[in-house]
Amino acid sequence: MYSVNVRDHFMIAHSFNGDTFGPAQRLHGATYVVDLELRRSALDRDDVVVDIARAAELLRAVLAELNFRNLDEQPDFRGRNTTTEFLAHVVFDRVAERVRAGALGLEAAGLDSAKVTLHESHVAWAAYEGPLQC
Amino acid sequence: MYSVNVRDHFMIAHSFNGDTFGPAQRLHGATYVVDLELRRSALDRDDVVVDIARAAELLRAVLAELNFRNLDEQPDFRGRNTTTEFLAHVVFDRVAERVRAGALGLEAAGLDSAKVTLHESHVAWAAYEGPLQC
Amino acid sequence: MYSVNVRDHFMIAHSFNGDTFGPAQRLHGATYVVDLELRRSALDRDDVVVDIARAAELLRAVLAELNFRNLDEQPDFRGRNTTTEFLAHVVFDRVAERVRAGALGLEAAGLDSAKVTLHESHVAWAAYEGPLQC
Amino acid sequence: MYSVNVRDHFMIAHSFNGDTFGPAQRLHGATYVVDLELRRSALDRDDVVVDIARAAELLRAVLAELNFRNLDEQPDFRGRNTTTEFLAHVVFDRVAERVRAGALGLEAAGLDSAKVTLHESHVAWAAYEGPLQC
Amino acid sequence: MYSVNVRDHFMIAHSFNGDTFGPAQRLHGATYVVDLELRRSALDRDDVVVDIARAAELLRAVLAELNFRNLDEQPDFRGRNTTTEFLAHVVFDRVAERVRAGALGLEAAGLDSAKVTLHESHVAWAAYEGPLQC
Amino acid sequence: MYSVNVRDHFMIAHSFNGDTFGPAQRLHGATYVVDLELRRSALDRDDVVVDIARAAELLRAVLAELNFRNLDEQPDFRGRNTTTEFLAHVVFDRVAERVRAGALGLEAAGLDSAKVTLHESHVAWAAYEGPLQC
């Protein structure tokens, strides 16, 4: 199994609901350094898993929808806690949707699965991984 | 599949038995930077894999039992080489035991598996992973 | 010249004023991974620059005043842009004030200067350094 | 499951064929920081996955064959694009061959699988993993 | 003294002349992860050292002139060894020239000095620093 | 001013004397990841600060004297606490002595100063810097 990984980041404000979260119930924010891993069992005709420049652009486009925003005001996330693991799933779903829509080209139909990791600090991160079902 | 990861560290002295280990047969020591990854197939009602603050406390408690000690004098490790991979398993077992005993709360029953990685330097690390059987 | 460095982090929300900031004029947020470097020309009687555990506690206490907050609502920062470099200076000043007040003990009178670095992502950081004038 | 990981690097020149690659069709180069992960379900009699010093030597020997070379002139790679993912597979195959030939000793017969990751920059990396079939 | 730092990278081929360089006399290559630090004694009216987005663009523009090239064929470097420290100076000079030409705006006249660090691997890097003389 | 940096590591056991050190008064240990920075105002005839391969060998030789040892038993350190900052100075002095003795060649006479940084974990490090007086 092959994989490629590209890294980018986004910066948001949010707050959490629930006693579990303690002081993180207050409006605060985070930088998320994001790793997108794309997996495939065989290389394509160019000897790549996927055009890495296009993968980087795709990730940048997905993160641009979230970047420099207050997630508490995003209708998509109403009633949810936008935790690191929750956001990892959001980024995964949006990446998967764009891949299925052809953002990485026809060759990307061979992609098997993906993993999205969000680093919230030097001591904590979270991830979501699953099949890409292209 | 979701995962969350917390990082901490501990510092110990030890020596190894066996010609394989060369100069590491002498009493020396190591800093282990430890990553604890907890995995789960669905988020709980708070939209988290687990309360990350409690996961960090749990890891800190487990490492405190090892921190600032000479492992050659620990009865638990008699007759064993406390290699990085061996210690990754030790930390895994102690984390798993505390999780089963409720250290992460009732919700943590949904945890699927875990991975413990011990970094011994910038060029070497080892890990143990397995099911959590909560 | 000797130096010691401790690392911690804090997470805040804020927004910026001025066309220069583009989309960062919207309410967003950041994780700041903070390095505090303390410098001294000679070691004290314990062969340390400063008790590193107390230095870590001091940094934690200073960051706790900022952590999990919306900086736009902090009276101290009214009319200012809480940029990474501005916040590096804020953390520096608060550390210096506590050092002068004895938070690191009498021995810390020998400290010469300090540097505070705030990492806002894997590709951008800022710092402020100056004498400690203990 | 246990794993150990050793890190090393190599530096090469190459060029790519195909419009997909844009300016990377020109002769350029890369530093690859390489992580070799070896996995095993049980520790051996020394409480290790494998002698980590020998694993580091093995990786160094494999990378020495590639280091400080122009890959466009290597007969083994004729007609292929020596992308990061392609080279991860090359390193994997050469490691596996040496492991099967006994480079890690008889105990290494217990190795289950391996993963080779090549970091080409702070924002991009690729990997190949598979069974070791010792 | 304040400083801000932005990070980017470029990938080149080159060879070295002189017995000192051993196997690095062969055509090979490198990824250079580049840190550009800009220093200033006071913040400007926006509370910044410099518009960090413009600093990142400036660095990207300078590195684009070198990226994906064989440095042995660049007339500017004829008769020189394009070592990491030599290239750090080249990047510094080109950054300084653009700053003086106004690439960072009028406010950047307040910049004091700069440092350019080129990381060639996880175990080696080099830097050049000097006044910016704006 | 130019600088080059090489990284290596060593692993030791030790204990500290003095109430300040709390549980670190027990025999424990550390991995120190070491950065050696060498500075010079002009490049030599090969366009380098110093032969980086020889600098790496020099650092390796100095660290080999400390590696895999119990520092409590080293006569050189009797009556001292082998803290991170103390050891940074020890490594600095041993490097400087070898440089003066010609370990980096005649060209190294042009070296100006050096800095030795010892990383004891992902959240703490210490350094010593000074002139090389070659």
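Order of writing sets the labels: A, B, C, D, E and F. Residues in every chain begin at 1.
The criterion applied here is as follows: a residue touches a chain if its C-beta (ideal position, glycine included) is under 8 Å from a C-beta of that chain, and two chains touch if they have at least 3 such contacts.
No experiment lies behind these values; they were computed from the predicted model shown.
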item	value
Pair of chains joined by more contacts [C-beta pairs], C-E or A-C	A-C
Same or different contact residues where chain D meets its copy chain A, judged by the half mark	different
Distance from the mean Cα position of chain E to that of chain A, given in whole angstrom	31
Mean-CA-position distance for chain F and chain A (Å)	41
Centre-to-centre distance between chain F and chain C (centres being mean Cα positions), rounded to whole Å	27
Touching two or more other chains - residue numbers and ranges from chain C	7, 122-123
Contact footprint of chain E on chain F as seen in their complex	1-8, 43, 46-49, 51-53, 56
Footprint of chain C on chain A - complex, ascending	7, 9, 11-14, 23-24, 26-33, 67-70, 120-123
Chain A partner contacts - residues on chain D that touch it in the complex	16, 18, 20-22, 80-86, 88-89, 122-130
